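The structure is given below, and queries will be raised subsequently.
Labels A, B, C, D, E and F are assigned to the chains in the order they are written; within every chain, residues are numbered from 1.
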Amino acid sequence: MLASLLSPMVLAFLLGIAAARLKSDLKFPEGLYTSLTIYLLVAIGMKGGYKLSLATFDEVIYPAIGAVSLCCIIPLWTYGLMRKVGKFSVADAAALAAHYGSVSAVTFSAALAFHENLKIEVEGFMPSMLAMMEIPAILIGITLARINSDSVVEQTPVKEVARELLAGKSSLLLMGFLVIGFLAGKGGWEQVSPLFDVPFKGILTLFLLEAGLVAGRKLSDLKKGGVFLLAFGIIFPIIHATIGISLGQLAGLGMGGATVLGILAASASYIAAPAACRVALPGANPSYYLTSALAITFPFNIIVGIPIYHQIAEMIYH
Amino acid sequence: MLASLLSPMVLAFLLGIAAARLKSDLKFPEGLYTSLTIYLLVAIGMKGGYKLSLATFDEVIYPAIGAVSLCCIIPLWTYGLMRKVGKFSVADAAALAAHYGSVSAVTFSAALAFHENLKIEVEGFMPSMLAMMEIPAILIGITLARINSDSVVEQTPVKEVARELLAGKSSLLLMGFLVIGFLAGKGGWEQVSPLFDVPFKGILTLFLLEAGLVAGRKLSDLKKGGVFLLAFGIIFPIIHATIGISLGQLAGLGMGGATVLGILAASASYIAAPAACRVALPGANPSYYLTSALAITFPFNIIVGIPIYHQIAEMIYH
Amino acid sequence: MLASLLSPMVLAFLLGIAAARLKSDLKFPEGLYTSLTIYLLVAIGMKGGYKLSLATFDEVIYPAIGAVSLCCIIPLWTYGLMRKVGKFSVADAAALAAHYGSVSAVTFSAALAFHENLKIEVEGFMPSMLAMMEIPAILIGITLARINSDSVVEQTPVKEVARELLAGKSSLLLMGFLVIGFLAGKGGWEQVSPLFDVPFKGILTLFLLEAGLVAGRKLSDLKKGGVFLLAFGIIFPIIHATIGISLGQLAGLGMGGATVLGILAASASYIAAPAACRVALPGANPSYYLTSALAITFPFNIIVGIPIYHQIAEMIYH
Amino acid sequence: MTQAYLLTIIGEEVLENVIEKDIMALGAKGFTVSKVTGRSQSSVRDNPWDGENIRIEIITSEEICLKIVQHLKDKYLERYPMITFFHPVTVLRMQHFY
Amino acid sequence: MTQAYLLTIIGEEVLENVIEKDIMALGAKGFTVSKVTGRSQSSVRDNPWDGENIRIEIITSEEICLKIVQHLKDKYLERYPMITFFHPVTVLRMQHFY
Amino acid sequence: MTQAYLLTIIGEEVLENVIEKDIMALGAKGFTVSKVTGRSQSSVRDNPWDGENIRIEIITSEEICLKIVQHLKDKYLERYPMITFFHPVTVLRMQHFY
């Protein structure tokens, strides 16, 4: 656990938070942020596709069913909880459901790096789970809002929203390069792995530095979210992770793979979901969903969540 | 041929085209596009210069004569054809001549990657051919316009245009790093090859993704160019490639090198030529030259042209 | 010495100068410049921190005392000289003192690359000297301006300026990643060294190309600085380097480490100092401090200074 | 030289495409876009996580300007962080703009 | 639709934060920022080494506009490369701006 | 505070240097440049392959403004995708601008 805290990735994230608190003038150029995002999605997709080409259908199908179930159920209970207990508006509850049902590619990457450092094997096809889990929850969240709101202002049909999500940059890169990695196979992978594999953790370190800068600035918004959101943003990921790990075990994944599935369940989206919600749920207040996803759940997962879920997996598997 | 279609480079290009057709919001930040361009030119130049330092004068001189002849003749007949058969205006014909006489560094890179994958040797000094072939055709195109147009509005003397082209970013980087690679030799190359050689194909993959995004958007302009331009943009590269390969054989190049020379002849410029034509031939309509260079010839070369030229070379050489 | 001139780094710098003189349209996108800067600072810091974790307190403490003394004394005599001999205003003299007392991370990187090429060992903890030497001189320069100027317009307390400097991006990244490298140790370093170590010299080559572009444009400002500044910008670095090398020997550094300490003393800041002076010393004219730091001392150090200081060190050590 | 109106819209980046489609449909002949960041009492739009803004500028006739403004008011202004304003400018080649 | 003022400030990037703090303290309700480069007889601000400029735009009432202008004049205009200018614009939702 | 003119030119990036040289030669004392993209019925200028646009802004006297406009009209407007427009603004430190 201490070893995990002392990884360059986590330390860079903490440095970013510290820099933001110190009001540092450190700022990543906007182009660099976007470039790093493109890199991470391409690299995850490409490697995952190549690894998927090495896996059998039987290995992949049960984890896939588990993954899709997770991201269909999580938004449902998140929505219910937010409405009943949290007293959030329909739009806000739906947006939170979309974010927590969807997944974070960066948390996923940090999870892979964590396991690599501990030399625990993770099934190579896990990036395909990441790709499958990104979009359904967002569609469910938006649909929940439409069903439950009498004043549906946004008329875009759900089908159109689905098309936009599939063509949205994060899923397009992830799924596109899954396919490319799959088709290009070993020969193709070897041509590009010096860029997409070897320096991956270094790039992730830079990205987490930037993520820390933003998370640190958002810490001052924590009070806007209130105690409820703070508790939710920490407790629910733990619950989701536990369910995810158990489902992963059921689906025949090894401990590493199951932990990563748990971490996917525990993570909240920060690229696809916010963009979709801005357009489809303008009535939802970004303070709620961005604060909880970015300033609570994301740092929690990166810093202490991942090691905790690893402990939970150890308990479940032994 | 299928192996070539399934390379990550070609697949990324196809993904870019698909993304554009799906109206994806994927967009490379402008700084990333420029950075990738700088990288490719520096990397090609540096490696070519180092390889040139290993070659003898005799090896290089005949291919060089062949290369320069190619890029002096191609614009002449292209201009004639465009005026006579295509009925284009002087400015449009001259701009097309400049583009097709000049060369594309990215097509060149794809050609190198193609040969590397097939483990066919290519003379290391070929980047110096790329550098030599970039500018002459553009100057010829612009001169043709001046000679043939009575209403020469643009008074900049050709000498000044030549200076600007030589100092233009693509030729400056390419030729500058050819010299640097030559002077720095093996010791210098080893210091920078981890950046300029090892991840090269990965960077090229990203660049072709971006190129695909633009080519895909331009597909809808195809009709503006008309059937003539479409036919020209496919047939002439094949003719130019065949001539280039034959000249390469005459000049003593191996099959790999001759194929690459053919591909250079077949390729159309998309960095230096458009910039120069905007300034020196404002009367030329970018829809024609950009559409044919970027939406017809470039994709054709990347996807099926290179393997076809390879087949032609096999026939010529065996 | 010739070998040093023919390194890709130095040649790229010269190419940049040439491009600027030829009025090339080559221009790095602003985001690329900032990204390269972030990379260099992170990479230097991270590697230095890791190497520091391998060193003993006794090895580091005397060089550290030497380094801090250097950057406290240099601004004092620079200020005196500028006022008395150069007849500069209080603000201009103070700004020059701040710049020459502080250090340049890029000159430092070039010095490391120079020694690596000659296979001369340099103590791995030298980046911590770089980090320590960045800020004190800037604070001293600003304080000198306040003490000596009756019309102190800028009321920001020095304490506030110090806080801003410490949280300023260059020192934050350098010191932050020193700590991260130190804490993450060998395991951490191995995770990120494919990005932060292996391609380092290639990145430095790109950065020096950009630096050359700016230095080349500034050459035309040389006359604004006058003969005095020209002489100062060349002679003082030599003096500072000699003192630095001697102090390094006294402090027990090997010849490589001492030379690098000398080079730090000889170098002038170009990230932290200009930014701080713009805010705290608006009365100082950037033509003076930027011209001398960027168009005189920086090129001098990169091109001929480093080999000269190496010769001086040879003399002192043998 | 003729009098025309310069209409400026500042709003969320994610809306760029829809707004552009709307204004062209309402009769604008062209537009210019730049990336901006911004802050107001209700929005922080200065980093890629929260999202950034775009500024769309349209030179057009008074009539089309008012039509676009009305459309923005109906469709976006109450629901998204967005502002819009306009003022007269002198242009050359008026046939270019309306 | 009401009349308001669009005040533009063009100055050094390094001053962005302090200027923003100042204008909010003087009563502005928001602002928009973009990166620009520039040149004048006394400044070259078109590369990251010399530093680049920012343009800050504020829509506000005439009164606050003049207050900010006065403040800029006192605090910055004589000491930094900076220019400022303003003109009236028509805005929607005036309560948004002052 | 004096009245001056803010002249805006939007055109192709590749022309940046020549236009800047021209306007300084015609008497402008400075200018500000930003990167923009744009579209019109005859141009798509929103990606680096087609090329992007720049916006050049010049604060100057009415006289020099009109001189520059005339020059643009003669030299560029009919041949390049380019628009230009101007309007009066209030400036401080008028000696700065003309």
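Methods note: a residue touches a chain if its C-beta (ideal position, glycine included) is under 8 Å from a C-beta of that chain, and two chains touch if they have at least 3 such contacts.
Remember, predicted model here, so these are calculated numbers, not experimental data.
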item: Identity of the chain that, by mean CA position, is farthest from subunit E; value: B
item: Far-end chain from subunit D, centres as C-alpha averages; value: C
item: Separation of subunit C from subunit F, taking each centre as the mean of its C-alpha atoms, in whole Å; value: 39
item: Rounded Å distance, subunit D centre to subunit E centre (Cα mean); value: 20
item: Subunit C and subunit E: spacing of chain centres that average the CA atoms, whole Å; value: 34
item: Residues of subunit A engaged with two or more neighbouring chains; value: 25, 29-32, 34-35, 198-199, 275
item: Residues of subunit D touching at least two other chains; value: 34-35, 87
item: Touching residues (chain side subunit A, partner subunit D) in the complex; value: 30, 33-34, 153, 214, 217, 270, 274-275, 278-279, 282-283, 286, 290, 294
item: Residue ranges of subunit D in contact with subunit A within the complex; value: 12, 14-15, 35, 47-52, 79-80
item: Subunit A-touching residues of subunit C, taken from the complex the two chains share; value: 29-32, 34-35, 38-39, 42, 46, 163-164, 166-169, 172-173, 176-177, 179-181, 183-185, 187-189, 191-196, 198-199, 275
item: Sites on subunit D touched by subunit F in the complex; value: 1, 4, 6, 20, 29-34, 59, 87-93, 96-97
item: For the subunit E and subunit F complex, residues of the former touching the latter; value: 10, 34-41, 43, 46, 53, 55, 69, 72-73, 77, 83-87
